[in-house]
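Supplied in structure tokens, the structure appears directly below.
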Amino acid sequence: AVAANAQFVMEQLKTAFQKKTGTTVESIVNSSGKLTTQIQQGAPYDVFLSADMEYPQTLHKAGLTLAAPAIYAYGSLVLWTAGDLPVSADLKILSDPAVRHVAIANPATAPYGEAAVAFLKSRKLLAQVQPKIVYGESISQVNQYVLSGAAEIGFTAKSVVLDPSLTKRGHWVDLPTTGYSPIAQGVVVLKRTTQAKSAQQFVAFLRSPDARRILQKFGYK
Amino acid sequence: MIQIDVVMSRLFTEGASDLQVKLELQSGSLTALVGPSGSGKTTVLRLLAGLEIPRQGRIVVGESVWLDTYRRINRSPQQRSIGYVFQDTALFPNMTVRENIQYAAPKDQQTLVDELIEATGLESFVNQKPIRLSGGQRQRVALARALVRRPQLLLLDEPFAALDAKASQMLRQVLLELHQRWGTTTLLVSHHEIDVQALADRVIQLVQGRVESDERIGSTNSYLTGSERIIRIEYDENQQHWLIETASMKLQSTNPDWEQWNVGDLIQVAPGNHSGTAKIK
Amino acid sequence: MPIDWDPIWLTLRLAGITTLLLLLIGVPLAGWLALSRFRLKPIVEAIISLPLVLPPSVVGFYLLLTFSPTSWLGAWLLRTINLQLVFSFEGLVVASLIYSLPFMVHPVQAGVENLPTSWREASYTLGQSPTKTLWRVLLPNCKPALLTGIVLTFAHTIGEFGLVLMIGGNLPGQTRVASIAIYDEVELLHFETAHAYAVLLLGLSFAILLLVYAINKRVTV
Amino acid sequence: MPIDWDPIWLTLRLAGITTLLLLLIGVPLAGWLALSRFRLKPIVEAIISLPLVLPPSVVGFYLLLTFSPTSWLGAWLLRTINLQLVFSFEGLVVASLIYSLPFMVHPVQAGVENLPTSWREASYTLGQSPTKTLWRVLLPNCKPALLTGIVLTFAHTIGEFGLVLMIGGNLPGQTRVASIAIYDEVELLHFETAHAYAVLLLGLSFAILLLVYAINKRVTV
Amino acid sequence: MIQIDVVMSRLFTEGASDLQVKLELQSGSLTALVGPSGSGKTTVLRLLAGLEIPRQGRIVVGESVWLDTYRRINRSPQQRSIGYVFQDTALFPNMTVRENIQYAAPKDQQTLVDELIEATGLESFVNQKPIRLSGGQRQRVALARALVRRPQLLLLDEPFAALDAKASQMLRQVLLELHQRWGTTTLLVSHHEIDVQALADRVIQLVQGRVESDERIGSTNSYLTGSERIIRIEYDENQQHWLIETASMKLQSTNPDWEQWNVGDLIQVAPGNHSGTAKIK
């Protein structure tokens, strides 16, 4: 089970892991919250890659995991537009009247949304930008807002804009990690797994140089 | 014997009041219910069928109590052995003529179904849906459908209203024959003198929901004198004679005077006046 | 966590407006479909049901593409009547209209089609137009079908969520309807609050539906 | 990316089975509601519509709680008939049945209620039971209403997604239906594939609906 | 003048064949259409109303062509000035009696609405829905509704079938009066001799979709001899005399012999036989 924002990198991780071990991996994408609920109710998943640490922690506390969650990557935030607005890290563009909507993932449910709000707050821009903010259910809905042009600009995960199929769509700029803490993403092996060995293997693989290279290619640290 | 005693509120032409009817019908009798439009004839039939529930009342048919508001007895329409021809026919649009008639037919009554189809002259239309029938054809289907279960009590609401003289004459004959053959008790609503005269042995007149008059015609007499109503009369071309049928008799004669008789006429075979040669079969 | 009543009112407003508008749009459409002998009618009928077969969030995405200010339709609406259909209450209404259309049209059409043709014929021979016949004779005689249309539309609009979430942008007081609020709470694993919202929504809807059915019973008996 | 046909077949199977079962369950229920003079009828009618007013994923959440092996019902089902209703095709069917019930019941009930009472009365005076009357006389005379029930149920089951995702868990070949597949592709921003799926699903559904409507026209004219 | 010439396939008792009718109706005439059940009477009315389209045919009413299959003219029912009483009444269940009648009434015809309600004896029922009416009451509403637009052509399908003798006598009088007053052309389907005799000036018999006989009764004669049909007769208690109305005459007399006259009788004021004192107003 994979959280929505990790799905891009997951495609490549999957292939690499398969090449290395011969074990095929089936990824099941959903929002972290729904996956957590499902796991609580006995969903037949083996490994859970969350978008944050909170959900795996919850599962761990409930005694549904084999071990405490491990951090497999830190995600970072970018400012993205599908048009040709001049985006820059100083966020001046957000005050531009041409920008009518700024897409952010729902800060209550999505870690990237939380990070984006924290970042805006640190730049004292939140109050000013607030009326323009629209919330996506998840990071991928933010992506859809931006790509469809419904929102002129949006805060998304770096892994998204680095996806090969999207590199030519608009432009983006890295945001300095000074305004928010990088998003720690946890992985846990679930207790009810039937293939504990392969599952452990996969978690170990995430720390291998091969996997790290792929993760870095997608902007994870 | 059928005993009816019901009270029910209704709006009549003169204003709202009670429909209040108390009647006894002889088993096997054929009673006509007449009266002006809106006098409560259909309501009485519906009460008997169990489609309306009176404010208070009792309906007893033979040994069994169909309704008794005091004893809280109320048989559903299904539990009353009735045949009902509705004023608006109420045929089932999804079924053909044959299917409509067959719908309630007991499994072993196929010949009766065919007989009724023939008797009502519907042979050409057995596979038509009711929507493609004329008004009179629909009424004939409704009649056949009501008869197919050989009900104990037959309720007919203007069964011949949409029929021309010849067709209704024919159906009266069918009806009378079946009525006699099965001993069904029949209650007939009709506006037309001729139906009433040809069929009924008793005429009850309703006005504003009350029985205004109640006459026994013919039948009681006929019962005493041995007179019977003609249910069929025809001239047999091959044998060159007249043929008359009543409930218990079949009469033949070469007497041309027999032409004068009509279905519904009362006749008796009386001794000694030499009016013709009738031989009882 | 205290219940926020805003989403509830917003939901009821959305469902009410959608139902009302669909009565105005869907009922004549249904009448026309029932009465006309137009040869391509089955095609129109099938098209009306089509939005139903796509997941709401996907329909939402296509609507987003259609209505976004970068599309010609969205740009034109914005320019001429200053109407923006994405991230606004008006947008939710339009989306709900499209999505709930079959729930109004189909039952009402079936109702009118099932009436005896003689009423229609009688009205025509009295010199009255099909339109007057529809409104004065046919529709008043298929109240159960109208009721079905109203109930299904109303209930479905209350529960609709994928579409609303997509096109509305989850803006508090504007497009955050109750279904989204519940969804968020479930996502956050705040089951208590979710239960509270669900019970409230169910209670209110139950009361409204009961009222509708009871009135209907009173009217027809 | 090549189209995976599995989800499409799965969807059609789910929609077909659900529609069939609802014909068997919903139609008698609708008939009973239409004919009975039971005083609490409005309450039953309102209850049937209730699942509609909650967002599908929330209904899914509650069903998950009800059917999960940790609940008494789920445990009992598993123990006695070895039936697991979460994360299985059977579970999807049960969930769809509950959720689509009003789409079958309401139109059919309205159809039966709108028929002239004299047909019912005629059948009763012919000594036939309400059940026989319903099947032989009343239902065959409200074909448009039945058709509406079938179309709405079928289309809605195809498009349902929040519920299915929640209770089914997105397992390929088992619970990953087309709506989820499309959803996934849109989430992944694989718009090409999503379009392809959507067009395919729309095309198939359109063909099926058109067939249903055309047959209906042939039958009734 | 109304010219009809239509051909249409239909299934009759003897098998499928063509309904083929060619007729001319005098403007202002009242023609009865009779014939056995299923002979095509209702079909002819429906063709005239535009509710059926013949395979080929022409219907011309006065100057205007209502239908011409060759010239592809086919006026919709709305564009034909007709009043139609359906065999099954086809009242609107959602409207009360008054609303049913008012539905098609021109705005300024309120007095006509009231007049018709009174003439059909429906005063007590104006606020009832049709479902609560008796069969005969429904037929009266249907008649009033068809008359309220003062149609050019009046099509009546068994308008008195569900009515008792007295009520139908009353309605025949109303009908005849309005017919004469407005000069409407009327086509009446009826199975009952009495209707036909009292009302019609021409009787057309249909059998199996063909015109079998076509007789002019009274009217043509009356036109030549000056005879006219009685449309109203009453005894004025105050003035102690009889009053007879025909289309063009009003006659008064104190002669008690006038009692013998009935509505529908042909009378003429002939010279020299001293049968009574008739003064022409």
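All chains are identified by letter, namely A, B, C, D and E, in their written order; residue positions are counted from 1 within each chain.
Keep this in mind: a contact is a pair of C-beta atoms (placed from the backbone, for glycine too) under 8 Å apart; a residue touches a chain by one contact, two chains touch by 3 or more.
From a predicted model like this one, the values you see are computed outputs, not experimental measurements.
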Remotest chain, subunit B as reference, centres from CA atoms: A
Whole-Å gap separating subunit B and subunit E, where each centre is the average of the chain's CA atoms: 31
Whole-Å gap between the CA centroids of subunit C and subunit D: 19
Distance from subunit E to subunit A - Cα centre to Cα centre, in angstrom: 84
Subunit E residues counted as touching two or more neighbouring chains: 88
Multi-partner residues of subunit D (each touching 2 or more other chains): 57, 61, 116, 141, 186
Residues of subunit A whose C-beta touches two or more other chains: 34, 37, 144
Pairwise chain contacts, counting only pairs that touch as defined: A-C, A-D, B-D, B-E, C-D, C-E
Contact set on subunit A toward subunit C in their complex: 31, 33-34, 36-37, 55, 58, 83, 100-101, 103, 106, 108-109, 133-137, 141, 144-145, 148-151
In the complex, subunit A residues that touch subunit D: 4, 7-8, 26, 28-30, 34, 37-38, 41-45, 138, 140, 143-144, 147, 160, 163, 165-166
Of all residues in subunit D, those that touch subunit A in their complex: 57, 61, 64-65, 68-70, 86-87, 165-166, 169-172, 184, 186-191
Residues of subunit C touching subunit D in the complex: 41-43, 45-47, 49-58, 61-62, 102-103, 106-107, 109-111, 113-116, 141-142, 144-145, 147-148, 151-152, 155-156, 158-162, 179-180, 182-183, 186, 194, 198, 201-202, 205-206, 209-210, 213-214, 216-217
Interface residues, subunit D side, partner subunit B - complex: 116, 118-119, 121-129, 136-137, 140-141
